[in-house]
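Consider the two complexes below, in which chain A is the common component and chain B and chain C are the respective partners.
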Partner chain A sequence: MFDRHEDVVERVIQQLRRPVAIDPGLDARVMREIAQTPGGSRGWRVWPYWASLAAAAVLAIVLVAHPRSRQRESADLLQFVLVAPQAASVSLVGDFNDWDPARSPMRTAQGVWATAVRLAPGRYRYAFLVNGVEWRADPAAPSAKDDEFGTPSSVVTVGGKRS
Partner chain B sequence: MIIVALLMATQVAVQDPRLERLDPETRIAVSGVIDSARSAGLPSEPLVQRALEGVTKGAAGTRIVTAVRRLSSDLATARGALGTSASTPELEAGVAALRAGATPQLLAHLRDVRKPPLTMALSVLADLVAGGVPPDSAAAAILVLAPKARDADLVEFRRAVERDIALGAPPGAATSVRVNAGAETPNSLQSGPPGNTPPPSRRP
Partner chain C sequence: MSIDKVESSDAELVRRVRAGDISAYGVLVSRYRDRLGRYAVHMIGNREDAEEALQDTFVRAYRSLARCDAARFGAWLYGILVNRCRTTGARAARRRRMFVHDADALQGSLHAGNDQADRLEWSDTVDRALAKLNPEYREAFLLKHVEDLEYEQIAELTGAGISALKMRVKRAREQLQQILKEAEHV
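Showing the complex of A and B:
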């Protein structure tokens, strides 16, 4: 009975780890809906010259302050899963979300916690924060051997072309 | 106005608001290390992330500064071995490989035998060592596979070795057996363009 339960959990995990298929036409449909919304073009009363300058300034700030955002277009969607039936909350924290527990809270289905994160090519350290206090490494991923802060971490590497 | 905006943007980058999570004394010390690294042409993002990891994990300020300083030094070593054209992910993976026991000479050799990016090859080397494979065995295996294996093949190689170890095989033996098995399986490790294929799986 116990083995059968584990088998079910394992199958659930396998399903959760499958890549999420996103309709490639979604962006186009959303933008079309926005364009058709009444009043959608209101508010552009700024002189085009100043609007262009403002756009350039915003772009410059974004590119300089957040260099990794330039890699987003080649990002892969990865799913992270932790089986923790007793946990009240689990967060995924790592190099990809500034180690901020509020950025990637995980959702549970009968104790199987999961979330998906889009990652550009690279090597990332991460860990699970259980109940806001307990650090856990990902049992399904290589461990970060060089942990310098006394708690376990894991690593994930996303392959790809030179960025 | 554009110049002013760019200056403002540069200022934003220098005074990274994410570092406000550090206490003032630690923030000053970490910012100093990051500024020095940036001046030396090293990427600052890995250093910021290491500091944020430390503060989120509740580490003492001195420990965070030490970790960031050590990472900066290792990034410089990795860049020295991999060259100035190495990307940030390659440098980060290079640091992991160095800390796993690879030498700068090995990194340089890897750069000579494999087309970029080297991120996956270096990461697999580090992960094998973290999984119990002796550094020399892991390095030898990666050097054998690197010229022709795709990134996906290297990931599968690592998983196969990990499976064998979990089943009780000695790590060194598991590695050498899998390398030889790969060399005898042309369709597995010797097909397709080397080094430029993303991993087939989306799991860590």
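Showing the complex of A and C:
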């Protein structure tokens, strides 16, 4: 079958260079996991020492000047992400914004849509509104089982494990 | 709204992620998913473990992005995956390596005649031969000949010297020839 052994290795290489099908849901799982990174996408940021001191000073001023900010301090900043390359617009809608598409429009970078929302502890239902007409549940989150509106939606629980 | 078709560079995307634009990271994930996935599948030999390693690589990379030279994101990502595959490979070594073809490919082979059946058989033969290689040889062979990296780049990723890497690749080729020659006579 093989007269020249080097040719066999070249055939192996050609075989191994063929594309391998990777689960297309992997992108959504990655984005969901990193969105849960404490501190959101800024959790890894390295601040110079002086900048940390300055930020602490500014934070102290804000907390003193605006007592309501203390309430916001307990809220978590959550990143919501949807991979939708064909979409022209996507909005995040849910219990937290009265299901109003105008309040949480999502930004896109080559088909990956994202937005961040600060949420106080609690359980929320939400969905993505694609192109202003199509409701989509979050493929990377549990579905809401008690959706009385008949459209797909998902559930996020803040201040504990997401469910 | 028009879809932006201008591809951003890795460095630009990394800068955007660092500035808080998480969606830019999604672009990097989709850009590198298939190529890194191919390496992981061949190196680990089990699709489920490979995808888990790939997902973990992207998440670890995101969390350590501050340590990345933005201009070398791709190489840096490869380095994380290579290490992750080593860990997974060692853990999975006791388990039987299993190769599962796409259901469509299998189904198709039943109807497509001998050509496609031969291709699947050859694919199986290659997978099994690769699995028999010493992991260090397999790693060097895949990075050099399948991922098409230069020895200098592989040395940086693996921490091995260039001479050692050339020897590993040479041994891998010899072993593959031997394994396939034996398979021919079975």
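As a convention for this text, the second predicted complex is superposed on the first by the 88 of 163 C-alpha atoms of A that agree within 3 Å, B and C clash if a C-alpha of one lies under 4 Å from a C-alpha of the other, contacts with A are read in each partner's own complex, and residues count from 1 in each chain.
Note that a contact is a pair of C-beta atoms (placed from the backbone, for glycine too) under 8 Å apart; a residue touches a chain by one contact, two chains touch by 3 or more.
None of the values given here were measured: they were computed from a predicted structure.
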Which holds for A:Val156: it touches chain B only (first), chain C only (second), both, or neither?
first
First (chain B), second (chain C), both or neither touched by A:Gln79:
both
According to the stated criteria, A:Arg118 is in contact with first (chain B), second (chain C), both, or neither; which is it?
neither
Quick one: is A:Gln110 in contact with chain B, with chain C, with both, or with neither? Answer first, second, both or neither.
second
Should A:Ala140 be classified as contacting the first partner (chain B), the second (chain C), both, or neither?
first
According to the stated criteria, A:Trp99 is in contact with first (chain B), second (chain C), both, or neither; which is it?
first
Which residues of chain A are in contact with chain B in one complex and with chain C in the other?
17, 19, 79
Across the complex, what residues on chain C touch chain A?
1, 3-4, 7-8, 13, 16-18, 20-27, 29-30, 33-34, 37-38, 41-42, 51, 54-55, 58-59, 62-66, 102, 122-123, 126, 129-130, 142, 145-146, 173, 176-177, 180-181, 184
What residues on chain B touch chain A, complex-wise?
1-2, 5-6, 8-10, 12-13, 16, 18, 45-46, 49, 52-57, 59, 63, 66-67, 70, 87-89, 92-93, 96, 99-100, 116-117, 119-120, 122-124, 126-127, 129-131, 151-152, 155, 158, 196-199, 202-204
Considering the complex alone, what residue numbers of chain A touch chain B?
17-19, 53, 56-57, 60-61, 63-65, 67-68, 76-80, 93, 95, 98-101, 121-123, 125, 135, 138, 140-146, 148-151, 153-163
In the complex of these two chains, what residues of chain A are touching chain C?
1-2, 5-6, 8-9, 11-13, 15-17, 19-23, 26-27, 29-31, 33-35, 37, 40-46, 79, 81, 83, 85, 88-89, 107-114, 116
